[in-house]
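These are the structures in question, set out in turn.
Both complexes shown next keep chain A, but they swap its partner, so chain B is in the first and chain C is in the second.
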Partner chain A sequence: MTNLPLWLIPLFPLIGTVVLAAISLASTGSKKGASEGIVGGLAVLFPLLAFVSTVVIGWNMPTQGVQETLGTWIDIGSFKASFGFLFDSLSRIMLLFVTGIGTLITLYSTGYMHGDRGFARFFAYINLFLFSMIVLVLSDSLLLTFLGWEGVGLCSYLLIGFWNADVSNCKAANKAFIVNRVGDLGFILGMITLAMVSSDLLSYRELSAFLRDAANVELVNILLPIFAMAGLLFFIGCTGKSAQIPLLTWLPDAMAGPTPVSALIHAATMVTSGVYLLARLSDLYVLLPGVMTVVVLIGLLTAFWAAVAGLFQNDIKKVLAYSTISQLGYMFMAAGVAAFDVSIFHVFTHAFFKAALFLGAGAVIHALAGEQDMRKMGGMLKKTPVTACVMIFAFLAIIGFPGFAGFWSKDLILERLYVSGPMGPFLYMMALLTAVITAIYMGRLMVLTFFGKYRGGEESEKHIHEAPASMLIPMVILSLGSIFAGFLWAGLIPGANLFEQTLAPVVGQAQAAFGHASVHVSPWLFAVLGTIAAVVGMAVAWKLFANRRIPLPKGSSAPEGFGATWTFCFDKIHGIVISAFRVLAWVAENVVNRFVMMLQWLVGGLGELLGDFASGLQVAKVRLQMALSLVGVIALVLIVLVYGGLL
Partner chain B sequence: MLLHVLVLAPFVAALLVALVGGRGTSAYRLSLFSAAVLTVASVALIAGGDATTTAIDWFKLPGSDASVKYLLGSYTINAWLVFLSCVLSLAALVFGKSATPEGEFKNFSVGILALLGTMNGAFLALDAVLFFFFFEAMVIPAALLMAAYGGKERKSAAMNFAIYTLVGSAPMAIALWYMVAKSGVTTAEGLFAFLQGQSIETQTVLAISFLIAFLVKTPIFPFHGWQAAAYAESPAPLSAILTGAMSKVGVYGILIWVLSLFSLNETFFTTMLWLGLATAVYGGLMAWRGTDVKKILAFSSMGHLGLAVAAIFTLSPKMFPAVLVLLVGHGLSAGSLFLLSGVAERMTGTRELSKMGGLVKSKPVFGFLFGAAGIIALAVPGTAGFIGEFLVMLSLWDVGPLPTLVGAICLVLSAAYMLRLIQGVIFGKANQCEENPVHLGVLEGSVIGAFLFLLLLFGLRPGIIYENRTPENPETSVPAAEVVPADSLAVDSLALVNESMNTTETTVQTTDSLAKDSVKANAEVTAND
Partner chain C sequence: MELQAVYVQILALILFVIGLLTAISRRNVFFVLMGVELALNAVNLSLIGFSKTLPGDLSVAGQIVPLFTIAVAAAEACVGLAMVILIFRNQESVDSDNYSGMKG
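Let's turn to the complex of A and B:
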């Protein structure tokens, strides 16, 4: 069977990066910059080609997937790694929405970034991001995944700090990169731990084969502590990239970047790589119940904490950022009870509704000429009806309103949590409570933005306008996704589990091995309870915020009082660690360095005294010192020769 | 032939430039042409695999029967270091045109070419005294260039540098003289054989005497007192050579003239491992606090080389490719950052990070190159730096998790200071600095572009660097056991160095061939007598 080669998929955005970077650099001299039409066209073309080739390859893919090795990367005898791609059902799903949503958001950006001086540069970064993300997902080994992993981090850094004339944007970008670097160390050390057993285990297929092979059972049992350590280290990497406790502080700050970036990188794709990695390593994680408990608890805590933090935000993008963190927490909870297919399903539906929410928020911000504080919004329903409809559909999806995408995926997570074992009911209750809070903070966002009266100035009210078609089309498509994507795996409808079937070859065996407690509860009960949670949350939000007078903001949009304490508690903890390093650096400079310098002066001073004493001539000091050291050397050599040695 | 050209031709070229250079442009063309030819020669050297010259008697060392030999040889590691010194000298000459005062370029290029000759000599010498000669000689052109064309504090920085390095190598001179006087030979192989008869204590004392010279040159904490000022005050092209090539003589010396010469005990290795790691952390912390752009880069270099030294003393079989890739990657990336920071200094009239900013807006191409060089220096996967640091971490893992963790912390530190540097120089707004009409020349930009391209290439195909290209010849291959006496501790270190060299199919490499070639050379000398 002939099929397209896999390297074609990452190749397109790579070409796009090079071409757009060249255009960007070449046009720096001209006043106007390159034509936006051509740049925008190219920028959308390459992701689109990647999407098309993914569809073609995915259509013809055999059940067990395709693996392609391109060549050797590192080969130093005891450590080998090669460039290789693996296209199976897991990477197919990831690639489809990465390239698909990536293309839509790129199209949206051509409208959003209109008139920006760095137009071409922006799309060069976006294409580079898509290239890295594709490599991350398509790679057949951990090391190559890591190339994409740091590559997406790098692009995230470049795009958060895109408006680099403002140093506060650069600081947010630096923070994102450095916090991610800390997580990446987990990834590197995890790889090194696995490589201790054998560098072959860095390949996903080899790792799965090794762990699944019945002949290796005893060996695997002996190696279990090593695998547990590797699993924990990889999870640290995931907490960095996917903004989980404790490495989550960078994501809210990352909203400093242009809104399409927040939608693409910090909501739909990059931040879900951690969930992808756990699913990819499912064969490893199901052997490690201890680590899985850590995963589920971290996911639970993150989901709850971020949902509460979302209640306190005034900045529309910050609400969505905390909401993303919270939803990622749900995905990790699912992964933590070995429901990898469900976690990927939530990644999939979340990509649609969260991207739609972000793009909608971007359209609102665009309409209000850059205003992000919800306290200055209101009544946008009438002024920007299309945007409002998109947002409402996505809102219903995220709170889990029956029939919408989020309903199906969240419901499956809750169900799997309940049946996961003795902790199940507790996990279920917490997740359900978090779902109520989700509905409240999202309801608050919708009420403050779209209902009531416009609270900005009258002057600005006149300029409010609906977004251009290039922005609306992607939003509408994504909102359709938010409505219908869930039917790929509608738990209540028999036979509507396409998603589960397609992922089964990759994660099915691992999930079966983990063994679910066989508690049988009617799925309808979960559905009803989930619906009640959504409706209650919505009602509370309406009651609390619809008719309340919203105090107009003074100064910044950051939360105050208890809200600030809650929101910034992890920043405070990071601050302590950073301070410790600052103290260390201070000591290095002011104590250690001074001491070394002092010693140096002492020795130097002695030498100079001797030198002055010895010569008294007006010789240049360098020459004198050279002569002196030479004399010293010769003298010592003579001593050695006469006495036959130093010792 | 290639070896002779690489060592002697720079001096000839320096003489030619000095004699016929005349006014600026012809000196510029001539020196650039010579450096370009030498760079090509160094690539040919790498491509040709191992090679040695016939030994030529140079002079009799007074007080001993030993006659010093003019003997050169190349194997994978020093061929690459020669490449670094050539290519960085070429870049320094390209950037030197605008970095030196009007009419001074001729003298500058003479200095750079002379420095290049001494560096190549030190890398390629197979005779200990010859090595020492070049090792000492390279200080002179470097110090003179620094004192003549540096920043405000250039005189004291140059003096500090000269005294520090010369005093640092005094113990080595004594130890070398002692060994030569006792054994009557000067070649590496001869000295190695002689040392096998000595007690471990004697060897340790001699090794430490050698080591101090290299620790100063690299530099390794706490012997770094000269470095920050020297790198900061040197003209930027010279700083690039100092960090990109000359500091590597220190690491090379540790690898070849300490580790494979002496038999040393466990304590020694552990101490050196932790000293290297301490240097890495210390360099990272100091760079993080730094306020002067070139000092930040100086401490960053110190940190990277500390990591390289730590990796060497893990004696892990993965150490050799790790260190080699790290050194080549660091030479190119630190070199380009130093060169660019020199341009930034001329653009803004300051080296203070807090006063600079906004260069990406006013000088987009420069900003792009600076940002790209900075990001590549972060060891992002796909660059040579990543391969180097990843393999170093793998080597550290062979010693234990704690050293690996310390190495990992350095990765975070390097991200912290490098992003701070990038932000300070090119992002934000211009801040209390001049906006001089200085532009990055086309040739200058292309040099940096080529460096960055090489870093990406080596990051994706590191095999280019660590593969041995010597055509296999079963007759000349000497099994490690024949060269290394089995009853010595040196078996550990030397065998490990050998083992790590045998990454590809060929069996005889580095120290092995070093020893083997010396044997051959010795035999020939005896026959001639």
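Let's turn to the complex of A and C:
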């Protein structure tokens, strides 16, 4: 069967990066910069080509997927790694929405970034991000995934600090990069742990084959502690990239970047790569019930904590950031009870509605000329009706209103949590409570932004305008996605489980191996309870915030009082850890370092003494030296002759 | 009459001692180098002499080693002379007793 080669997919954004970077560099001298029409056209074209080739390859893909090895990457002794791509049903789904939503958001950005001096630079970064993300998803081994993993981290850093004239943006970028580094260390150590067993295990296919092979059962049982170590370390990597406890503080700060970046990188694609990695390594994780418990608890805590913290935010983007963290917590919960297909399904639906929410928020910010504080908004429903409709659809999707995308995926997560075992009912209750809180804080966002009266100044009210078409089209498409994407796996409708069937070849076997308690509860019950949670949350939000006087901001949009303790909780914990390390560093510098230097001086002094002594033995004359060495040789020969050896 | 191997060795020994004594006793650095070369070739001669005591095929090894030695000695002479020239430029002298720069 002839099909397009896989390397074509990452190639297009790479070409885009090079071309746009060249344009950006070439136009640094000119005052106005390169033509926005050409740059924007190119910027959208390359992701679109990647999307089209993904669709073509995905359409012709055989059930078991395609693996393509491009060549040997590393070959040193017992460590071998090849450079190859794996296109199976899991990477197909990820790639489809990465490139698809990537294209839409790039299109949106051409409107949003209009008039920015760094227009070409922005799109060069976006293309580089898409390239890295495609490499991350498409690679056939952990090593190449790590390359993409680092690449998306770099692009995240570059784009958070895109407006680098403001030093607080640079600080946010640094924070994201450094916090991610902690997680990446976990990823590296995890790879080393696996490679200690065999470097072949770094390849996804080899790893799955090794772990699934019945002949290896005893070997795997012996190696289980090593695998548990590797699983835990990879999970630390995931907590960094996907902003889970304890490495979650960077994501709210990452909102310093342009809004399309928040939508693309910090909501729809990059932050979900941790969930992707768990699903990729599903064969490994199902063997480790202890690690899975950690995953589910971390997910639960993160989802709950971030939802509560989201209640206190005044910055519209920060609410969405905490909401993203909370939704990622849901995905990790699902992965933690071995419902990998459900977690990927939630990644998929979340990508639509969260991207729509962020783009809507971006349109609101655009309309208000950069205002992000919700206390200065209000009544936007009449002024920007299209944006408001998009936001309302996405809002209904995220709170799980029946029929919308989030309803189906969240319901499946709740259902899987309930039947997961003895802890199930507890997990279910907490997740349901989190769903109520989700509806409250999202409801608060909608009420403060779109209902009531406009609370900004009269002068700024006149300038409010609906976004241009290049921004509205992607928003409308994404809102359609957040309405209908859920029907790919509608649990209540028999036969509508296309998504589950698609993912079955990759994760089905692992999930079956994990084993579920055979509790059968009617899915309708879960659906009804989920709906009640959404409706109650909405009602509470309406009651609390619709008619209340909103205190006017006092300058900063950061939460105050009780809210601040929730929001900054983990920053404070990080601060304590960092000061502990400062103490360690002080000890290392002043005690350990001194001691080592003392040893150095000791050895050096001894060497100097010996050297001085030996150089005193030197005689000045060349001939005498030669004669002496001759005498030495004769003496040695005599010793050998007489004693038959020196010893 | 076949040449006795021991005479070859005696000749080699005499040449070696002459070379060594020249190298030690002469002060002119060129004579020192010549003495070293002489000693070197005495060793070559000794190797050839021993190789003659071996039967046909095996004796080839003893004849090849001196060829290598000669090649290395040529290189060594090159380097040695070049060094002598450089030292002469610095010290304005060919007397090896003046070369006391090695003293620490």
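Please note the rule applied: the second predicted complex is superposed on the first by the 580 of 647 C-alpha atoms of A that agree within 3 Å, B and C clash if a C-alpha of one lies under 4 Å from a C-alpha of the other, contacts with A are read in each partner's own complex, and residues count from 1 in each chain.
We take it that a residue touches a chain if its C-beta (ideal position, glycine included) is under 8 Å from a C-beta of that chain, and two chains touch if they have at least 3 such contacts.
All figures in this text were calculated on a predicted structure; none of them were measured in a lab.
Peer 1: Check the residue A:M597 against both partner chains and state whether it touches chain B (first), chain C (second), both, or neither.
Peer 2: first
Peer 1: With the two structures laid over each other on chain A, which partner does A:A214 touch: chain B (first), chain C (second), both, or neither?
Peer 2: neither
Peer 1: Thinking of the overlay built on chain A, is A:L584 touched by chain B (first), by chain C (second), by both, or by neither?
Peer 2: In the superposition, A:L584 touches chain B alone.
Peer 1: Touching A:I576 in the superposition: chain B (first), chain C (second), both, neither?
Peer 2: neither
Peer 1: Name the chain, either chain B or chain C, that contacts more residues of chain A.
Peer 2: Looking at chain B versus chain C, the one contacting more residues of chain A is B.
Peer 1: For A:G161 in the superposed arrangement: first (chain B), second (chain C), both or neither?
Peer 2: A:G161 sits against chain B, while chain C stays out of touch.
Peer 1: Based on the A-chain superposition described above, do chain B and chain C contact any of the same residues on chain A, and if so which?
Peer 2: Chain A residues touching both partners: 621-622, 625-626.
Peer 1: Of all residues in chain B, which touch chain A in the complex?
Peer 2: Its residues touching chain A are 63, 143, 147, 158-159, 162-164, 166-167, 170, 173-174, 177-178, 181-182, 201-202, 205, 221-222, 224-225, 282, 285-286, 288-289, 317-318, 321-322, 357-358, 360-361, 364-365, 368, 375, 380-382, 386-387, 390-391, 393-394, 397, 404-405, 408-409, 411-413, 415-416, 419-420, 423, 426-429, 460-463, 466, 502-503.
Peer 1: Under the stated contact criterion, what part of chain A meets chain B in this complex?
Peer 2: Residues in contact with chain B: 25, 28, 72-79, 143, 146-147, 149-151, 154, 157, 161, 164-167, 170-171, 173-174, 177-178, 181-182, 184-185, 188-189, 192, 195-196, 581, 584-586, 588-589, 592-593, 596-597, 599-600, 604, 607, 621-622, 625-626, 629, 632-633, 636-637, 640-641, 645-647.
Peer 1: Would you tell me which residues of chain A are touching chain C in their complex?
Peer 2: Counting only chain A, the residues touching chain C are 612, 615-616, 618-623, 625-627, 630.
Peer 1: Which residues of chain C touch chain A in the complex?
Peer 2: Interface residues on the chain C side: 20, 23-25, 27, 32, 96-97, 99-100, 102-104.
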